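This is the structure I want to talk about, given as structure tokens.
Chain IDs A, B, C and D follow the sequence of writing; residue 1 opens each chain.
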Amino acid sequence: MINLAVEVAGIKLKNPVMTASGTFGFGREYSKFYDLSLLGAVMVKGTTLEPRLGNPPPRIAETPAGLLNCIGLQNPGVDAVIKEEIPWLSQYDVPIIVNISGHSLEEYGEIALRLDGVPGVAGLEINISCPNVKHGGLAFGTEPQMAADVIRTVKDKSRLPIIAKLSPNVTDITEIAKAVETAGADAISLINTLLGMAIDIKTRRPVLSNIVGGLSGPAVKPVAVRMVWQVAKAVKIPIIGMGGIVSAEDAIEFLLAGASAVAVGAGNFYDPLAPLKVIEGIKAWLEQEKIADVRELIGAVKIC
Amino acid sequence: MVYSLKTRILENKKILPDFYEMVLSASAIAAEAVPGQFLMIKTSPTQVPFLRRPISISRINAEEGTITLVYQVVGSGTKLLSAMTPGSEIEVVGPLGNGFTWSEKDKVVAIVGGGCGIAPLVALTEELLKAGKEVYALLGAQNRDKLLSDRYFIELGAKVMIATDNGSYGRQGFVTQLLEEVINTTRLDQVYCCGPLPMTKAVVKLTKEALVPCQVSLEERMGCGVGACLGCVCKVRSEEGSLTYKKVCHDGPVFTSSEVIFDD
Amino acid sequence: MINLAVEVAGIKLKNPVMTASGTFGFGREYSKFYDLSLLGAVMVKGTTLEPRLGNPPPRIAETPAGLLNCIGLQNPGVDAVIKEEIPWLSQYDVPIIVNISGHSLEEYGEIALRLDGVPGVAGLEINISCPNVKHGGLAFGTEPQMAADVIRTVKDKSRLPIIAKLSPNVTDITEIAKAVETAGADAISLINTLLGMAIDIKTRRPVLSNIVGGLSGPAVKPVAVRMVWQVAKAVKIPIIGMGGIVSAEDAIEFLLAGASAVAVGAGNFYDPLAPLKVIEGIKAWLEQEKIADVRELIGAVKIC
Amino acid sequence: MVYSLKTRILENKKILPDFYEMVLSASAIAAEAVPGQFLMIKTSPTQVPFLRRPISISRINAEEGTITLVYQVVGSGTKLLSAMTPGSEIEVVGPLGNGFTWSEKDKVVAIVGGGCGIAPLVALTEELLKAGKEVYALLGAQNRDKLLSDRYFIELGAKVMIATDNGSYGRQGFVTQLLEEVINTTRLDQVYCCGPLPMTKAVVKLTKEALVPCQVSLEERMGCGVGACLGCVCKVRSEEGSLTYKKVCHDGPVFTSSEVIFDD
């Protein structure tokens, strides 16, 4: 019998494969393709205190082996998520991780407070890549001190496991990782999207309404794997690796680099069955390699 | 049900310069599809293009278990599609989205199609005629070489009227002029519209003025195609009157013209 | 008659298409495919004071729509470059830009000094992505102050136009760009490679001998275009855009974003004739769009 | 001259499980190629895989203007290659690298090939035989299903000896054992070697001990394939005795065994 179960930030997962925030809605759409209970966990769409309309279209631009998005956190607000979405998703036997975003420390704290104790919610993923209006639009995630403040604030308001989701748009990712670890984060998600831009040469306009957007998909995988590897050496808390995973081989690469679990993001668009194929592929690979426990892979990259 | 399948390509032939017709063996999808729905299609065995391409279902043959697509080669994805050979396999997801609807009360309807927007109206016309309605098929294109599927509409028994920008076929002018004429002479119960945005806007304006209900099929760049990513939104008036975004892939692609809001 | 000529940092180019450092050697290899005089300029392999062996193989790993490299600046040293390579390449009617790297300010200064006045050399491109040994291995290019010091040093020793080549692995590229502008850089090259990693899951080892390497190719294009756009707004000196260019459309995207010229890097591997196709493609596109001068495209992206 | 061309695929057929033989119409390349050289091949019309794949020239037919390649499907690039159909076009760059060399003095030579390393030795054997040499062709593979092109060597008139790991064909054991035997019984003037690294190392060791000059063809991951990127280096002893890196694509892939240094 092969063990696929892992534990991240105290959350027990059947297998190490989650779906990444913003690429899987609140699970309803992909539930038409397969039983969501098969997943390791579902990370739901970025949730804010108030409902948000998001950016005007176009919100998506295709790029080589990836895509840019500027959805702009369209979501019905935390109260509607608690009332409409979590109860629905709770019918499945799958841990729900709510991804939250705020414009200020107070907002982060308030969302965390409202989600505390909501049945079905297994943990919070804190998106600190949002521009912070109070600090002149600088993203919380690019300054170790500010990143730590956000984590401390939500830790204060919530007894749930706290996962800090880091932005890759920084000079030294380990600095931010160490800061959120010290601030009490129970795990780290890596990576959010890389800031990118595409221009339609016919119209001479940016393809995205928001001019710039977040790059994800296979194109960013080497950057993500590198950051997971660097952060795994720098901190003791577990890492959830993501960025371009579409196959079991991709997922195993992240596990070897040091991730304790992985998430499939844009891969869901590439193939709606991608998360299942990743789970089955990991299992088949462990069998073939005669490895009894997926946890043997975590951080097992050989450096010499 | 929505399926994610490997299907076999039965035909893939050029029907006009730049336009191809592809027939897929996809009985599960054919059994459930309705006119106006679409498929998300993987156009390459590699990770480029990364995103699937949305293509409307043009004809549905539930008995033979086939789906016909009609597409225009405009970029890399559709180019790769056009190079695929009958007998090979292609990955598709569908049927997706909400299709066109009709009610028993409707007697006389018009479909208004332009460019590759004509494609999904073939299946719709088939169903409308089966349901016993009188169908005006108003088709527009830049020129004869870009006019799609007109013979299907004739074969099916619709009242076909054609307009081309340069007059190389049918009337010279825009398809909206044909609609104006029909509206002026006939009591239409419903208009169905699919085509380029300027055409759609004009049709919405005309039908609004004439108080004829209208359904429009919209396009937007898509990520997932299934409603999960919020990538493909269009602006709509919500029931309480405020502005909000709906998902073209999931809440559409067919909307009632009264709910959509066009920016100018 | 369509004008393709541009001027960057006082260097007159027949057309805005160069070849990027490290992807084109010293020009010898690609001279077997076409006449190098057709190019806007040739940026030669990174040159150091002493000869360097570079890293052991494997030095190349393929990634989705791109590649990682860890060549490690293998080069015969500046004296051999002056003696063997520049004279050979000077037989072509094409500006030669020498890309230089050092481990210390003194090294940068010394290389610049030796290249000053060498016939055929039109400018220096200063690679500031190298680790600074004196500052504990931190790359010169990640700290505005250090980047400025390098540029000031080479400006001091050389009368040649100085092009600062920036690393994209930073939180805020405009900060570095402004620092090198103030320090006297005549132009900016954007972008060098993104730091990435790939693991071979069969052997469980990093694919590259150096563990991490530089990511380039179409995968990084959206990041590069974004940085060119940001920097074009932040500085007045011209920009040479690069990162994933393989086609004329790609090149035009960079020009619209604000680049005054572009360079084809990994695109040379994808298609040895890529630079020529880019030049011809730009010309054909200008004709089609009835644009008389390629300079009309520079920074012409419409934002509204 | 080096060419960057679109060539037509004349044949692309499976010759063994996992192995394919592809014939290209490429007269310019066929006119200049020598045994041991290779092509860089674009395996997809999209940007994935991004890099071209190096494949050795297996046979050269200058008269008919064709080049034959033999390749093993090991990953995504060679998989895409195997799906290409005769009549379609493929972009190649070549001929690249330095091939094998021989001198008039040599009378008796051996080629030692293992796995897909056997492929380029076909063209070499052809030339060696044309040049009037006696050629021992020592071929090794894991099993019969992986033994390449043996009939070509027989047809050409080489003295063929075969070893398979499991004895399913020819002798049971390694091809190096065959070489040892030949060395012990015959005075070889030159050995040519192409195959997996462990085999190459063993051949280099044997020929060194026996003082027989040896040429080896090496492999390394390639970026450009033409000598510009310094991606594909191998360690060699320079003339002054110091260690340095040479480019497999440009200075090789064929090296004299005395110059290369293998890490253990």
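Assume a contact is a pair of C-beta atoms (placed from the backbone, for glycine too) under 8 Å apart; a residue touches a chain by one contact, two chains touch by 3 or more.
Because the structure is a prediction, the values reported are computed rather than measured.
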Practice problem: Mind listing the chains that sit against chain B and also against chain C? | Solution: A, D
Quiz item: Counting C-beta pairs in contact, which comes out ahead: A-D or C-D?
Solution: C-D
Self-check item: Length of the line joining the C-alpha centres of chain A and chain B, rounded to whole Å
Solution: 36
Practice problem: Compute the distance, rounded to whole Å, between the mean C-alpha positions of chain A and chain C. | Solution: 34
Quiz item: How big is the gap, in whole Å, between where the Cα atoms of chain A centre and where those of chain D centre?
Solution: 47
Self-check item: Residue numbers of chain D (touch at least two other chains)
Solution: 47-49
Quiz item: In chain C, what residues contact two or more other chains?
Solution: 61, 63-66, 217-218
Quiz item: Line, ring, star, complete or other: which describes how these chains touch one another?
Solution: complete
Quiz item: Considering the complex alone, what residue numbers of chain D touch chain A?
Solution: 47-48
Quiz item: Within the complex, which stretch of chain D touches chain B?
Solution: 44-49, 76, 80, 83, 85
Quiz prompt | chain A - residues contacting chain C, complex | solution = 61, 63-66, 68, 142, 169-172, 194-199, 201, 203-206, 211-212, 215, 217-223, 225-226, 229, 244, 249, 252-253, 256-257, 285, 300-304
Self-check item: Contacting residues of chain A [partner chain D, same complex]
Solution: 64-65
Quiz item: Across the complex, what residues on chain A touch chain B?
Solution: 22-25, 28-30, 32-33, 45, 53-54, 56-67, 69, 71, 74, 217-218, 246, 266, 268-273
